[in-house]
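The data blocks that follow each hold one structure.
Okay, so chain A shows up in both of these, paired with chain B first and chain C after.
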Partner chain A sequence: MNVASNSTESIYSQTFGSEEPMSERVASLLVCGAAACVAMTFLWLVFDVFWSGLPFLSFDFLVDVPSSAGRRGGIGPILVSTLLILGVCMVVSLPLGLGAALFLSEYTSENTTSSRLVRYSLDILAGVPSIVFGLFGNAFFCIYLGMGFSILSGGLTLACMVLPLLIRSAEEGLRSVPDEYRAGAAALALSHTRALFQIILPSALPGIMVGLVLGLGRAIAETAALIFTSGYVDRFPDSLMDSGRALSIHIYDLSMNVPGGNNNAYASATVLLALLLCINAVANTFAHCWHRNLTAEAST
Partner chain B sequence: MSPYRTDRILIGTLRCAAVVSGLIVAVVALFLVSESVPALRQIGPYRFFTDSAWHPAPHSGESTFNLVPMIVGTLTVTAGALALATPLGLGSAMFLRFYAPPKLGVIYRKIIELLAGIPSVVFGFWGLVTIVPLINSIHAPGASLLAGICILAIMILPTVALVSDAAFEVVPKEYVKGAAALGLSRWATIRGVVIPSAKSGLFTAIILQTGRALGETMAVLMVCGNVVQVPKSVFEPVRTLTANIALEMAYALDPHRSALFVSGLLLLTLVAGLVLLADVLSRRYECSQ
Partner chain C sequence: MKEEKIDSIECREKSSGATSDADHTFTIGELKAGPPCCEPLPIVEISNLSLAYSGATVLRDVNLTIYRGCITALIGPSGCGKTSFLSSLNRLSDMNPRCTVSGKIELRGENILSPRVNVTALRRRVGMIFQKPNPFPLSIRRNIELGLRQHRLARGSGLGERVEKSLRDVGLWDEVKDRLDSSALALSGGQQQRLCIARAIALEPEILLLDEPCSALDPISTEIIENLIRQLSCRFTVIMVTHNLGQAQRLADFTALFWTCEGTGQLIEHGPTADIFQNPRHGLTAAYVNGRAG
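Our next item is the complex of A and B:
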């Protein structure tokens, strides 16, 4: 999903030849029908979740402790655990991903064997199913490194998962920095470090932020990778070594394992969808101002 | 070599970050293999296909480890979802680029992007409370292969649409203008000019989505019914490899646990194979250009 390239330059306005034959009308009907189907399904899903979830949503729901396995009460501790897991994930993956992206796009050429190998392995990493990350996180972080079922293991597992996405968007942001800037920095005999922190990073910032926000969205939506790493415990966590239940796991548990949990599952799904819509809006804003900067750059 | 010491430190650090990021996939593979080895030694690769059933931890008698029903489940759900999502996704991309008036196109693209961002657990939950009862009213029990196919198709469809749209975008504008100059109609242009020249991009889109569908867990876990059997019709419940891991990992002890890692390794191999295939295809296409 590439938020940055919003150039929907439709060829609609293009004048085509005669649209008489039957096959032409059938094709138009099928294409528009497919589009209508997809749009209807999306609206059905979103309205259904919000319609059934909003009546159960209140401030108390957001801060209360769940009771009776989540049938009653709220999602306070679950929101806290979710935020902690996301925090761990971002604190680890952001510097690592940014560093890797900087190395790949600024300090090595694309054709060296090492950069090609790194890219290959990142491509494969991006395709690894989330349940496989769950297995890996359980074997590596929980058992091999002895972290047990904890927010830390969950966050680290998610960090591995969002890394390829972060690197790719950061690279895209860095590629949009005009080469004149680098040449200018070199002409002023700036050290790489100063050029990086004072010129390249600031101008690539919006692109990097888009990546960060997309990574956040991917991490908050994740369930399968967290089941065997951060666990199910729905108390307020005392530390990062405590097990904590993420919002998505709460929805899964309420709808599958708790009879009569559907109302709270709807309300939690509403919260999750609302969070994701916010994240998406933020990403779009960044992408938008980045796009505007670029076009302003081009016109001067 | 840069004269600044800070530069050497900086580049060293960045190189470390790149190497660590690149090594993660190797560590993932290493741990999956090392956890799978006990099962592959004790049980052997053949018993996963020839055993009588999947009873990894029975109360009495010998454990049996037949993965075939789960593999069939995964493959049928994936194939069904692809058969449904490919035409709808392609249609959406064509609508976006060739049929929609500009304003509608922008709105439709937003819808597709938002659909792509909805969490799989929300798809699963929605499927469980709306699609499953709907199918149940046609043919019990509702939680079935068909429900899995529908939900999975809705999930992979937006990405099929976005990647195909990107493939249409790189078709040179001159081709379309040339086709129009020849008096070709809209559909004739799409079928005769756009699709042939975007073919490799479309193939890549479908291959990558196959990988995504194979590995999807939560949505299929929630709507497929999870009975270990080879389905005889689309209305029967199935269990996929991923759902099997998610359901049994919590209480699995060796060699059961190790057997679950074998199925994880199988998934990883399949997906890695698909990624490499997509890469080879797009590279061969670039060469031929």
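Our next item is the complex of A and C:
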């Protein structure tokens, strides 16, 4: 009896007790510290932008046309251009990205030369600075294909930029689908397409959504790639072939080139950040609900 | 006093319900297998089957006959190629590009290893249940409908009837009839495995391959599945891998022992289960079934 209680005690103290070695405590302190630093940076940034931007934010600001080079007025046309650029980017990159991810995860095995080549080029592309994408977009879409400075050129350039991110995370999502589903589908002699669209893609949706959010986030915050492709014009665009100023370019212009534009720059940054947070929240909720529907708690 | 009486009536009802459940009539599958094994008719003849992964042979020269309407159990220590053997019978081994299969597997006289064989049609005829229950993350209904739709076996209202039939056959209907549209993943392990059997038999296969169907289940679910397998054998030819010698003895009409010799799996002995367990011809079989080897 005594022996038993003694040993229980010693196990207890080993697990929870105060005799934790110093090195363990230092390690956990460092890890927690690092996490806290990251969280603090994010919170500080959000706080600073919202603190300086919120006082200048109003409904009029969201719908008005900018005047006096953006010092006064609002960001109506800029929001419209931004959403159009994002729209073009997603319409092009989503099907292409999903297709490529499906190719990588479902149609080739991980070690074939073709898939390794595609993956290698994607990793390089993901690391290319956005200004290089901007120059490429300018040379290819604006000049070579004759699209000029337009929302279409900007959206297409952004699509090239977010594709690697989208493909790699969608691929990860698809690969995380258990092989048992594939084996089960094969044993029932389901066609590849049926298995793909009715079992594998729905199961991989949370991963694909993560890719989409990362891609959207990168696209909405992009400045350098858009300066040379979608242009600077701050009026309402007539069509996709018209030039349009994105929100990030507006912020850049107000803070760098327009003396006295800081307040509106902060207000625009607040809108941009709020948009980013919204996209994130919507995607997360969607993926969460989807996952819960799929796995439906055993308690129901 | 009154309460006791009511209780006892309920109990009797429950127990009578249980027995009618146990010998409920099967609806899916033609009853052509006949009384099992009184006159064994070969359905699959396997000759000189060898199987290799990336050139390394894991199974060599297997010659085995599977009889129609019987349960054949494949036993042997882990890693002796039983599961690989099983997966070559419906060409699921094709999914692994490193796997090569040679020899002959004749299903009703047709060599299913021939490249001209329609693998989709083959897998419809030879269903498979896996070790770990693997229902798709869809509703219970959709799990069964997917295969039916794929093979155009039913449409419209026929689809619902077929779903009900197959669920009744595996004894799952009463447990799930009110939640057919909720996720299959919410079922218990044993229920999930029965759902997997239901979606396989919904396609009316001739042969069912079971890869250790009870190894991931608790004893009660195991018993339910064992009873189910016994009933299945009246309608389908069953080939099952099992590590549970008692289960092989209880269920199987024929038993085959696989063993690893010099790093390669081989078929050591095959015959009626009673012979394998009581009068084994091979020393290894005697040692294995008596727990002295493996």
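We adopt the following convention: the second predicted complex is superposed on the first by the 235 of 300 C-alpha atoms of A that agree within 3 Å, B and C clash if a C-alpha of one lies under 4 Å from a C-alpha of the other, contacts with A are read in each partner's own complex, and residues count from 1 in each chain.
In this section, a residue touches a chain if its C-beta (ideal position, glycine included) is under 8 Å from a C-beta of that chain, and two chains touch if they have at least 3 such contacts.
Predicted, not measured: the structure shown is a model, and the values here were computed from it.
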Partner chain in contact with A:Tyr107 - chain B first, chain C second, else both or neither: first
First (chain B), second (chain C), both or neither touched by A:Ser239: neither
Contact breadth on chain A, by residue count: chain C or chain B: B
Touching partner for A:Val31 - first (chain B), second (chain C), both, neither: first
Which of chain B and chain C A:Ser191 touches, first, second, both or neither: both
Contacts of A:Ser248 with chain B and chain C, given as first, second, both or neither: first
Chain B versus chain C as contact partner of A:Tyr181, first or second or both or neither: second
Those residues of chain A which chain B touches in one complex and chain C touches in the other: 191
Complex contact set, residues of chain A against chain B: 1-3, 5-8, 10-21, 23-24, 27-28, 30-35, 37-39, 41-42, 44-46, 48-49, 95-100, 102-104, 107-108, 115, 117-118, 120-136, 138-140, 144, 160, 163, 167, 191-193, 196, 217, 220-224, 227-228, 248-249, 251-252, 255-256, 262, 265, 269, 272-273, 276-277, 279-280
Residue numbers on chain C that touch chain A, as the complex places them: 90, 92, 95, 97, 119-124, 127-128, 130, 132, 134-138, 146-147, 150-151, 179, 182-183, 185-186, 188, 196, 199-200, 203
Chain B residues within the chain A interface of the complex: 2, 4, 6-7, 10-11, 13-28, 31-32, 34-35, 87-88, 90-92, 94-102, 105-106, 108-109, 111-126, 128-130, 154, 157-159, 161-162, 166, 169, 176-177, 180, 182-191, 208, 211-212, 214-218, 221-222, 242, 245-246, 249-250, 260-261, 264, 267-268, 271-272, 274-276, 279
Of chain A, residues touching chain C in the complex: 109, 178, 180-191, 194, 198-199, 202-203, 293-298, 300
